[in-house]
Every structure is written in structure tokens, then in C-alpha cells.
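This is the structure I want to talk about, given as C-alpha cells.
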Amino acid sequence: VNPQDTATQTAPSLWRLLTSCADRPGIVAAISALLHEAGANIVSSDQYSTDPQGGTFYMRIEFRLEMDTAHRAQLEEQLASAAAPLAVQWRLWPARQPKRIAVLVSRSDHCLLELLWRWRRGQLNADICLVASNHRDLEREVQGFGVPFHHVPVSRETKPQAEEELLALLGDIDLLVLARYMQILSGDFLERCGVPAINIHHSFLPAFAGANPYERAKARGVKLIGATAHYVTEELDAGPIIEQDVIRVSHSHDVATLTQFGADIERMVLARAVTWHCADRVLAHENSTIVF
Amino acid sequence: VNPQDTATQTAPSLWRLLTSCADRPGIVAAISALLHEAGANIVSSDQYSTDPQGGTFYMRIEFRLEMDTAHRAQLEEQLASAAAPLAVQWRLWPARQPKRIAVLVSRSDHCLLELLWRWRRGQLNADICLVASNHRDLEREVQGFGVPFHHVPVSRETKPQAEEELLALLGDIDLLVLARYMQILSGDFLERCGVPAINIHHSFLPAFAGANPYERAKARGVKLIGATAHYVTEELDAGPIIEQDVIRVSHSHDVATLTQFGADIERMVLARAVTWHCADRVLAHENSTIVF
Amino acid sequence: VNPQDTATQTAPSLWRLLTSCADRPGIVAAISALLHEAGANIVSSDQYSTDPQGGTFYMRIEFRLEMDTAHRAQLEEQLASAAAPLAVQWRLWPARQPKRIAVLVSRSDHCLLELLWRWRRGQLNADICLVASNHRDLEREVQGFGVPFHHVPVSRETKPQAEEELLALLGDIDLLVLARYMQILSGDFLERCGVPAINIHHSFLPAFAGANPYERAKARGVKLIGATAHYVTEELDAGPIIEQDVIRVSHSHDVATLTQFGADIERMVLARAVTWHCADRVLAHENSTIVF
Amino acid sequence: VNPQDTATQTAPSLWRLLTSCADRPGIVAAISALLHEAGANIVSSDQYSTDPQGGTFYMRIEFRLEMDTAHRAQLEEQLASAAAPLAVQWRLWPARQPKRIAVLVSRSDHCLLELLWRWRRGQLNADICLVASNHRDLEREVQGFGVPFHHVPVSRETKPQAEEELLALLGDIDLLVLARYMQILSGDFLERCGVPAINIHHSFLPAFAGANPYERAKARGVKLIGATAHYVTEELDAGPIIEQDVIRVSHSHDVATLTQFGADIERMVLARAVTWHCADRVLAHENSTIVF
């Protein structure tokens, strides 16, 4: 857990450069020389190699540079030229530009409210553009935050149509968040959606994947319960983990109490995962994540 | 941290008996015999002696018993008779009767919202009867929860009048909660208020008592920051501690980030302290607490 | 986690009474009256009902009473008389009498050393009577503590004989501890052994039961790794959990580092589980534990 | 908490470069270009600026490079040339060269044993060269690890001579560790000693600095107790903090139990601080530390 200074995260002249490539000598030297010559002041830099011998090298650089559109195009051209011979993949993102988020939710309010609240306080580095739900329970709550709410009911029979409807609603978003959305999204939906999706699962994965984790935690007699935020893949509860946390419980807690304790962990874990993702701090590598 | 089953906490026939007295043999036998004869089924029982030789003995019993008013009066008479020779102080509270809470707050919303939110979900075992603030910032937010909001400005000159005004507002409450209320209440106010007051302090007390704890935590270079919920006494930040928690931080976090991280700890710690108090789980002993 | 005062745990006049029975009114009253009449001073009392309606009621009482052998026999007779009509199962244990422990270990020293060290400091409330291993690596280390070491090699072919040899060695013990013993004990062995066995598993069960948990934790990309102490049953890593704990890790940690971090969690978790068991604080209920 | 892969830490060709200077653009570019030209493969790189505007910039680079003595001298010359115009302070350390540690201790064994134990397992990246104590209690224990033990008694009157004797004993060390050494070292001693000293204090500083922290923690009724490893300065318990941790306690724990729980935290916190220091991961900045 190593978040950056929030105050500086959204300064107008702040940029984030993310790179990945096969690990080889000279990458840092090439990129940092290029940025230095462009007049950038590097604010923070994180790097990680999955294996110095033949692994993948990931880097995230935050730098300050006053750039207008033309200037930015020029820097991107220089990056492209430098990246090509080293086969570096890169992405430049202006820190002042919030990620556009759509949230899917069912009946539980705690994860959704935590996100809406942090969004209103300006802590997410993101815009929550819409909320869609297969139930109407949270409609008024969402509207109270000034966020559009869409009711998209789902049954076993209507799932394909419901997914079509959702896809049509999502529009131009950067991230989909499943804040206790109790429906399994099809692989087809995920692919056509085209942006990462973050789910919160109410257990410490890989323990208790699937349904009713608190009931199963009680039956197994675990002494800690947890929550896991992960990127959604087609396989249920099996995607790359972004963040996890746990809380101590005892024999004296029944399932209702575990559920209530767990809700606090769920919302903290999901909020951290979304915040980090929106700060371009999370990079997926195979089935795990690098969190800078 | 050992909360009881929430589901059972508010059952109509559930009662809580709290006792304290000089430790001596036979207390448990006397009380449990009395309850057994009255037909009570003891659901949970916690006890603690500050010192088996000459200490104080505290006990909290939850029991189920269908009682109408007459039946209750009879049980209380029996308790009084049994308690007198052993010099036991006792209190009987029906679990179904929520504590009446007034909240004081200044400009920060996070602790107040956490309480309002849990209250609305029925998790506090309490009613939030009113919110008073020396600022108007949170007025609309509070009213959105259907809770009366009172604006009671305070300046150095008007403090006595402001405290009078607050006292007049509070009415018949069981608990006062200071959810980041940035004013020091006078000893006179606390005494006349006549109910316990719980404050949340944004540090791990006794470290950084007083003003600007996050700034001082940054300057001291601590690796964990915390929050403390405590009963208010006339001496600032020195009353009996109910609950504390911490979160790991690093050199890379500036004061704004510490403040943001700390806010999450503050609201969890305050919510736990209020919940436990309202479940009659917290007993003050000298300058510390027993939390059953 | 609610250990008692260690200083008082071993006082000569301290006794522990453990009871279990179908939950019904009057148990506490009956037992506490009996102890009061016997002149006992109750130091601590914990109780738990798995369900006030038709569950099992567990109670652990620590009391002080100067008793010689005759006096003890008399109290046990009274307990038997009181217990019979309520169908209460009970056990009386003098706190001054340490549990007799045998430890099985393979090559890893960390869990074994943690136990030996705490034993030497008098913190276990137990005697470590012998250590047996399928390897000779730790022989000198164990002997340095003045504890007998037995080398009992095991191969697939010799497992039955090895288990016979172990059974013959164990003698009159109260507890068997598997401190990273990398052999699966047969159901037959466990039954004939006749005392509880505590195992430490190097993962947060039920995640990563079985072999190579740290490798699998790395592959799954979890953000916390853990350890679990549990009673051994015939099914591998599936017995009642006594204690668990976790530590935060990141993408930058390789399997060797996870193993090293995990070792610290393993030894703390095992030490706590053994300490609590030896203080008669752990009661197995179905496939979980009550830890008073 | 972000330790590196232990397996790679001691590879023969691994080097650590630490730099600090006033923050200004171009530092990373200059250093990384130089290392790239020298043929180094950067394994990890951490950097931190206390303030992008006018702060101090710290960097730690681990790189692999096969270098003989002549080659190393050449690289150091290049570093000196590059560093001078940017006013960069730097230090190059071969990862394979363990730090030489002297440990001071009084009567408590837990912190000392934790260090000796990890040292014997090869986990400290250091050599424990000698142990000195003002008591003889731990002499045999230390000698059992094959480490020289020196008894240097101290009384109020003999403190200056005792410090002289200690200074003569220390010899050519890189680090002094105070593993529960219950004597205050003079500023004169610290200065003449000439190497950093790490102390473990048995509280969560700045709470309970000075004597008897567990007694004071009990009296204050805190719900968490902790330990702090910090660099020693002339002012008692006020030097830069390297690491801290806490454990949850309750009203039921007496001072003896707090002391026992705290001992586990103390040894973990001290072991982490010493391990990180010996991996050149800790940089002091004013009265705090940067831990990479």
C-alpha cells in the first residue's frame, strides 16, 4: 500500500507514463533521458521486473510538464520512436483527466455508497457516470448523488437482452465496477464492453469463491474473514487480484454478524482498488497484478 | 473485539443486566440463581475482576425473559434485595430499547455520515435524535437522513451561551457523540449534560493529543497512524479509551494523504465505540474501560 | 484473543473447570452455586452457546481453591452428582499441572524453535517431553534444550512401522504438536495416539490446503499470506481451526520471500494455538473451535 | 514493507547505489545513463523526493554487474564525475558484503535471540560480530551461537569507563544494535562510535517514551500496544523511526501479559529494522526515515 500524495495527483501539469516490455538493459536510461530532454520533472517512478532474466519489465512514471496539445503530440512521437526499437508498450495519461466509471449493483448498498461518497469528496480521481442495477432498491439513493440510475432487470431467460441493454447504456467509459452485482457477466459481454471490470468478492480468495462465502466461512470456522477486489475474467472469482484485506472474528459471531463485519472490509477493499486503478497504479501481469 | 450476534440483540424479550461491586465470592451464584428462578434463559455472560484480591467485579448478562411491566418491577425488586447485602450496583436495560443519541459535529462529514448510515441500516442499536453543529456545512446532508439539524455557532466570546443553547436542545438523550466536533466542551457542560459523551480523536492516544495530530505524526515520522474513541472528561483527550485502531503509512505519504487514510480509521473506530456503548458493552473503570 | 494473566495461570490453588451440555436454563446457577458452597473464588468465567434454542452450551471457569487430594475427590463427586441430571460433561484440571507435549518435526526449525524457546521461558504452561523427526537435521538443536530427540525415518514403504515406532515413543502425553512435520499421519495412528494433535499449515485455510502453498499463493497473486493452526483429523488440512493470521505481501515478493515472511506468521500462530490449548481455552465443536 | 527477493540479495554481482541530493531534473537520466553505459542491469530502483519543489531527492538502485577491483574503481570514478556537478552524494555497496553488527543487551533475551537466530539462518544480510552486556545472564546463550560475549558492567559511577571499554571492544563495525539495552548511551559515545545505532523501544512512540511503557500503557487503558525501532540520537527515544507495529490487547490483560505480548512485537519490529538497514533500504531524512 503505497499511494501517492493525493494533493498532487490532479495537478494540471501532471502526467503518468506506463510502460511494459521484455526486460533488458537500457530501458530506464532511454526513457529518463527522453523525458529529461523534454523538460519533464519526474515526481515519482516505480518499476518492477517479473524476472531480471527474461521477465517483463513494468514502469510507471509521474512527471510534471506544461504541455499543450501540440507539445503532447510531439512528446508522444518521441516516445513512439524511442519505444519501437526496444519493443516497449507505453501509455500516457494526463493525471487531471478522471477515469469514467459505470457501476453495476444489486441490492446491497454499502459498496456503492462508499464509492459515491468518495467520488463526491473528490477522492476517486474518477467520475461516476452512471449506476445500473437489476433491482430498483437503490434508485433514490443514487439519484440523490446526482448520478443517473438505470434499472435493467435480469432473469435467466432475459440475460442476453439485459446484457445488450447494459452495453448500450455504458457508453464511453474507462472502467466498469461491480459493487456487489449478483449476476455473472458473460465472456461475450466482457469482451464487447472493452474496458477493465473490477469486482468485489466477499471472501479472501481463493477461499470461498462462489456463492454464500460468509455461510461457508462460519461452517469452516475460520478466525479471519476477508474481501477481495479483482479484475473480472470469464472464470468466476478467478481474475487478477488487486487488493485484499481481512478482519478477525470469533466463534461468537453468527453469519449475520460476519456479513456486517465483512461489509466494512468489502467497501474499504473495493474503494482502494478503484482508487488505485484510477491512478493508473495497477498493472495486470498474467493472472496477478502489480500495484505501484 | 467480540460483538454479539446482531440478529439477537434486539429481540423483544432480550434484557441486559450490568452489575459492579467489590469482588467477593458468591456474586455469580447469587445473581444466576435469582435469574434462574425468575425463569430467565442466559444468552451470554461476561465478567471481569480488576483484581481477585480486593478489586472491582464487573458482570454483563444477556438473558431472555418475557416480562410485562409488572413482571419487570418484580424482578427489579428481587435484584434490589439480592444486591443490597453484597453492595452490588446494577442496571437492567431492555435490548429492544434503542439508546437516544445526539451528535455534535463541525465541518468534517466522514464520522457523522458513517453514524447516520449505520443508523439508517439499523446497525447502531440507537436512535440519532438530532445533530448540532457550529457550522452549516452539513445541514442539508443531515436533513436528507430525516434527522433534525441545529446550527449553534460558537466563538470564544459566545461559548457559554452556545453551551446553554446546546444543553437546551439535547433533551432526553442517553449518549452524546462528538463526531469531529472541533470545540472543547467545558466541565460544567459535561456535568449538566448528565450522559456519557464519546469523542473521536484523530491519533493513537496518548500520542499526539491536542491539535493537528496528522501534521505532528508526519513530523515525527511514525509508520502507523491511528484514531481513538474515548469518553470525554474535562481534561482534553485524556478520558477512558473505548477503541483504537491504526493503519500503516510510509514516508511517501504527505499530510493530506495521512488525513485521508486517517478518516477511514476514525469512522470505523467511532462506529465501533458507539455500537458497543449502545449495546451496554462498555464499562468505565477508573480511567480505562472494560469492553465485553 | 483474550488470554488470561499469565502470572496467575500457574498459581498452586488455581483450577479450571470445563463443561459442555445441551443448552438449557439453570446450568450456570447450578455450577456456580456448587462452587460457591465449596468455597471457591471464581477468577474468570467464559461461556458460549452455539444456539440458545437447542444448541450446545460450553463453559470454562477458573477458580481458586486450596484443595488436597481428598478435598478434590469430594468436589469431583459433587460435580458428578450435579452434572448427571443436567447431562453435563465436565473436566477439572489443576492449572499448575503442565500439559505433556510431544513434537513431530521434519527439517524446518522455525516452528519447533519457537515452541522450545517459549517452553524454556515458562510461557507454554506445558512440558515438551520429546521431539521426534524423520530427519536428523535438528537433533543437536533439540538436545541443546535438554529435550530427548528421536530419529524415526519414514518412507512410503516403512510408514506403518514408523507410526508404530512413534506410538511406542510418545508414552503418556496430553498433546501432539506437528511443527512442520511433512508426513501425513494415518487415521489409525491418530486414533491410537488418543490425544489431540495440533498442526500448523502454511496458508490461510481453506485456501491452499495441501502441498506448496507459497508457490500457489504466488501463482494466484494474493495480497496477504497466512498460516493456520488446526486440530488434525484424518482429512488433510480440514480439521477444526484454532488460530489464523496473515501478513501483507506484494507483487515484488518472490516465493522465497513469501516463505520467509510466512515462517514468522507460522511460528506465532502455532505458539498461540499451543498456548491456548494448554490453558484449556480451546474447545472443539463440530468442525470448528470455541476459543475462550 | 517492501523487501526484495532475498534469494537475489546476496548474489556476487549485485550492487547497491544510494544517492541523495537537492531535487532537480535530470538526476535519474544522468545516473541511469551512466549505469547503462557501464553495462549494468538495473534490478530494482526506488526513488523519493521530499518535495518536488526544493526538496531532497533520494534514490536506491540495485544493479547487476560483474566487476573486479579495477572495474569498480573505474565505475566509482565515473560516478564521482557525474555526481559532482549535480551535488549528488552517493555510496556504492556490494550486496554480497554483510554489514558487521555489534549488539548491546541487558537481561531480556527475546530481541537478541531473534537476531542471532535469523543471523544463523542467513536472513540478516549481516554478521553479528560480538555481543556486549552489562549482565552475565545471556553469556552462555550467546556463546552457544559461536559469537563472542563481553561482560561490561555499568553503574552510575563507572559509566564513562564502561563506555570507553565498549568503544574499545566494538572495533570495525557497520551497525550497533541495542536489543533491549537498558542503559542510556552518552552523546559522546554515539559520536565516537561513528556508526548508526538502532534501538528497540517497547512502546508505539511517541506514546510512552522513557521507562516502564507497559505499566503506563496499562494505566492509560490503551487498546493496542506496540514497539518502535529507531535510530539512536542523544535525546532519549526521539530518533528517526524505522519501523513500528502493534498488537490488540484488552482490559483483561495485566502488565505481565502486555509485556509478554509486547515481546513478540519487539522482536519482529527490531528484526525488520535491522534487516532493512543491512539491505541499505533505510535512509534518514531530518528526524524521519525513508524505507525503500
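Order of writing sets the labels: A, B, C and D. Residues in every chain begin at 1.
Methods note: contacts are C-beta pairs under 8 Å (C-beta built on N, C-alpha and C of every residue); 3 or more make two chains touch, one makes a residue touch a chain.
This one's a predicted model, so the numbers in the text were calculated from it and none came from an experiment.
Considering the contact criterion stated above, the chains in touch with chain A and with chain D alike are B, C.
For chain A, the chain with the farthest CA centroid is C. Distance from the chain C centre to the chain D centre is 36 Å, each centre being the mean of its Cα atoms. The mean-CA centres of chain B and chain D are about 42 angstrom from one another, to the nearest whole unit. Annotation for chain C: residues 1-2, 44, 48, 248, 250, 252 touch two or more other chains.
Here chain B touches chain D in the complex through residues 1, 48, 204-208, 219-224, 226, 240-246, 248, 250-252, 285, 287-291, going by the rule given at the top.
Across the interface of their complex, chain B is touched by residues 1-7, 44, 109, 113, 117, 121, 123, 144, 248, 250, 252-254, 256-257, 260, 264, 268 of chain A. Contact residues on chain C toward chain B in their complex (touch as defined above): 2, 8, 25-26, 28-29, 32-33, 35-36, 39-49, 52, 64, 248.
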